[in-house]
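I have a structure I would like to understand better, so I am pasting it below and will then ask my questions one at a time.
By letter and in written order, the chains are A, B, C and D; residue numbering begins at 1 in each of them.
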Amino acid sequence: MADLDALRQELVTANRILAKENVLDSFGHISCRHPDNPNHFFMSRARAPEVLTEEDIMEFTLTGEVVGPTPAPGKPYSERFIHGAILEARPDVVSVIHNHSPSVIPFSVTGRKMRPIMHMCAPIGNDIPTWDIRTKFGDATNLLVTNMDMARDLAKTLGGRRVSLMRGHGSVIVGKSVREVVFNANYMEKNADMLIKALGMGEVEYLSDGEVATADKGRAGFTLERGWENWCNKVGRPYISQEWEMGPGFSKTDQ
Amino acid sequence: MADLDALRQELVTANRILAKENVLDSFGHISCRHPDNPNHFFMSRARAPEVLTEEDIMEFTLTGEVVGPTPAPGKPYSERFIHGAILEARPDVVSVIHNHSPSVIPFSVTGRKMRPIMHMCAPIGNDIPTWDIRTKFGDATNLLVTNMDMARDLAKTLGGRRVSLMRGHGSVIVGKSVREVVFNANYMEKNADMLIKALGMGEVEYLSDGEVATADKGRAGFTLERGWENWCNKVGRPYISQEWEMGPGFSKTDQ
Amino acid sequence: MADLDALRQELVTANRILAKENVLDSFGHISCRHPDNPNHFFMSRARAPEVLTEEDIMEFTLTGEVVGPTPAPGKPYSERFIHGAILEARPDVVSVIHNHSPSVIPFSVTGRKMRPIMHMCAPIGNDIPTWDIRTKFGDATNLLVTNMDMARDLAKTLGGRRVSLMRGHGSVIVGKSVREVVFNANYMEKNADMLIKALGMGEVEYLSDGEVATADKGRAGFTLERGWENWCNKVGRPYISQEWEMGPGFSKTDQ
Amino acid sequence: MADLDALRQELVTANRILAKENVLDSFGHISCRHPDNPNHFFMSRARAPEVLTEEDIMEFTLTGEVVGPTPAPGKPYSERFIHGAILEARPDVVSVIHNHSPSVIPFSVTGRKMRPIMHMCAPIGNDIPTWDIRTKFGDATNLLVTNMDMARDLAKTLGGRRVSLMRGHGSVIVGKSVREVVFNANYMEKNADMLIKALGMGEVEYLSDGEVATADKGRAGFTLERGWENWCNKVGRPYISQEWEMGPGFSKTDQ
């Protein structure tokens, strides 16, 4: 049986880190699949990443229904369906972030594609689609993904990738562990900022497909751990390495 | 009878948040209409948002005359008329911010229109005018709005909207509560920053009129509360939800 | 007799504020003319603005010779001549800042002129020259102003203005008091940042000459005080208003 | 015999400063040649700059083999070969930084050359090459420099210069002391940021070759010390001046 207290602690730490690194502000969220039950996931109640605590972590089914003790600690995020639909469509995914990462949003409303320009950012991939809620749900939504129908449509655009932008809204990013997805979300924001600057100077030489594939495949668990330890220190949270965190993406031994 | 101590506390918290979020610096101000007397409003004496306290909050008539105990805590803002004239022209408005929000100012001096590019920023609207003091008051003012004649002219440009830019100066933004207007001012600054970056990359896909209308209409009180709780934490002020704060825009029940 | 301890305290506070506001980093300096002897001025020994203290403030003649107790607290800035030559040429000036303000430097190496785009920045003026050390001293200097000959040439380019840029180096800015020049240096950095963003969006509508003149002439002492109180709070220095600080530019009574 | 405890302390301080100044994040590293054995160097184990301590400093041969007590404090950086190969090729170099300095990276993926636009940044030089791993190692690497063959190729591109960019990766920067290379890395990041802004405004007037040569040659040790004292204060580390730190670049006497 997985240590769910450790998982709740991990999610709170992840929220603090994402806020510190400017990926989340008062909004946006990160989820983690239940280690013992692939049809459930954990995520905070509707609260800002810097103030939520372990007590705010709730359990959901993949269709976004609240599971667990009554009363629940509070109202869930209205966009929890994003997480459910992606975890439903992607058995390989353990953790999902939905964010309004500020340097990424400009790419969601212009013709410019976001692509990695440095190796640390390679795992976001060379083929990042932009989901547009208008295509299926019309030109007068509030852009929020508030039911499974919308969320499954977004998951379809994401496909087998790690990232999809969302026009006029933000992005989703997925990974095999909380630490992996946090790492990639932090570096996607950095990549977007650097790419905007590079594009202002002329033609950009992106990483090649071969480089992206190699950089992604070869990334060891200790790379994620180096970032995680550093970010834990920045946000004043204890740095802990835990068995349950180790998804199929990396193992204790290759650290 | 409204709890005026709570209102003063709310205004001080709002000032701290607006300074933290880079909407105000040493200058700019936020007012709140008197809950029991629509012809009066509250605002700090002329002091920087990060240092003013509850004791600095003064009461004014809509024409900017000081009301209340003598001596007053200090000199009022010379631009208090902005607040009076807007509250006079707009019975629906409870709170007004005048600011020099740094990413917004470039839009006041170029032909580019500021429009929302993401849903959080939708409430600023798709039709933001720019008031130019020169049009009525000539080419040699100091750009300050220091009497009712100027302020009423600005209020006329604002019309029924939430925002008007002010050429070479800043902007005004209005709302149905302190928390609503603070929220929208914070996200207007973010929108401006993201839009400048997007415009540097080519054609921009703005939110449609239908999206703006839906996003604005559908925003629930708990959205404002999520931001407010987060910002209170950032500036070290207690997070309090108070009856008097709840304007016609949202009620306790839809939280 | 002026209170020289208060003046030393004022200079240290000014250094802390300029570092906090990103006008100075480890380099750059601010001076103040001796209140009782117009042929002398005060400035720190060669030390970074965030670490220098009252004990580091030294007295100089206008030609940069060290005056006062032996041994001096340390080595003087090698560019102290900038301050001497400007105070020599400009009896109306009380305080001088030389800085490498980062948003201003790009204007010193491009054809774009820096001009104010909002009222708070009006006092820098609509006619800012750029001094180029090459014109008189050749193409192989280290760009530092390390003698009176160079400094007087810079002062000549400055003329009767408040600001001169220095190509590939930074700028000088002068005022009638420490608080005035700090205020204008802080807002020149902000203006440069906003102007770069505005220029990226197209044609810019600058303040008119009439607006600049009126905004400058009409600025009251309490405007400077509002900023100063706020900045003192930010850097953890006491806020003090002192007689000797009040130059010809404003008096206690118009506060 | 050199004081190796002091050297370890210096390296930890350098790491903290480089993180604070945004040159390193969770990644990147700084090394220092062994003062008594030019064929060895010191560098931290694979750990983030803000959390590593004196106990993490390891000793290496120039081919990257671990020297010293067993067990080693931890796993070494996989890119330690960069440091070895440069120290091998450049007997004049004492300290090497490899970083992902964010404003510098855009120059590594566009045709724009990075060149100094202000005197503080002159020592990076007017001729900065970009090493492209693809040229010799193909289009499908993970861009990391993980063996001596790659590292020597990079060292060859660097040649006798102080800086080489690395396409899609970052840069290397070398110096005659820890303090010199930290100083230049900090100002290279600042120069890149200012240059991006200047390039957005039109043609840029770079420092001339003569100016670069003079600014570089004439820089005194106390200039480095002024920055170092300031940065030590920012990161809460003691400011210490030590004999072993004084390389051939400057001596105690010219302070």
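Here is the rule we use: a residue touches a chain if its C-beta (ideal position, glycine included) is under 8 Å from a C-beta of that chain, and two chains touch if they have at least 3 such contacts.
These figures come from a predicted structure and were not determined experimentally.
**Student:** Identify the chains adjacent to both subunit B and subunit C in the sense defined at the top.
**Tutor:** none
**Student:** Which one of the chains is farthest from subunit A, going by Cα centres?
**Tutor:** That would be chain C.
**Student:** Since subunit C and subunit D are copies that touch, is their contact same (over half of the numbers shared) or different (under half)?
**Tutor:** different
**Student:** Just the number, please: Cα centre separation of subunit A and subunit D in whole Å.
**Tutor:** 33
**Student:** Using Cα averages as centroids, what's the distance between subunit A and subunit C in whole Å?
**Tutor:** So the centroids are 47 Å from each other.
**Student:** At least two partner chains per residue is the criterion; list those residues in subunit A.
**Tutor:** Within subunit A, residues 200 contact more than one other chain.
**Student:** Which residues of subunit A touch subunit B in the complex?
**Tutor:** Going by the criterion above, the answer is residues 25-27, 46-51, 75, 100, 102-103, 105-112, 134, 138-144, 167-170, 196, 199-200.
**Student:** Taking the touch rule as given, give the residues of subunit A at its contact with subunit D in the complex, in rising order.
**Tutor:** 117-120, 122, 190, 193-195, 197-198, 200-208, 210-211, 213-215, 218-219, 222, 226-227, 229-231, 233-234, 255
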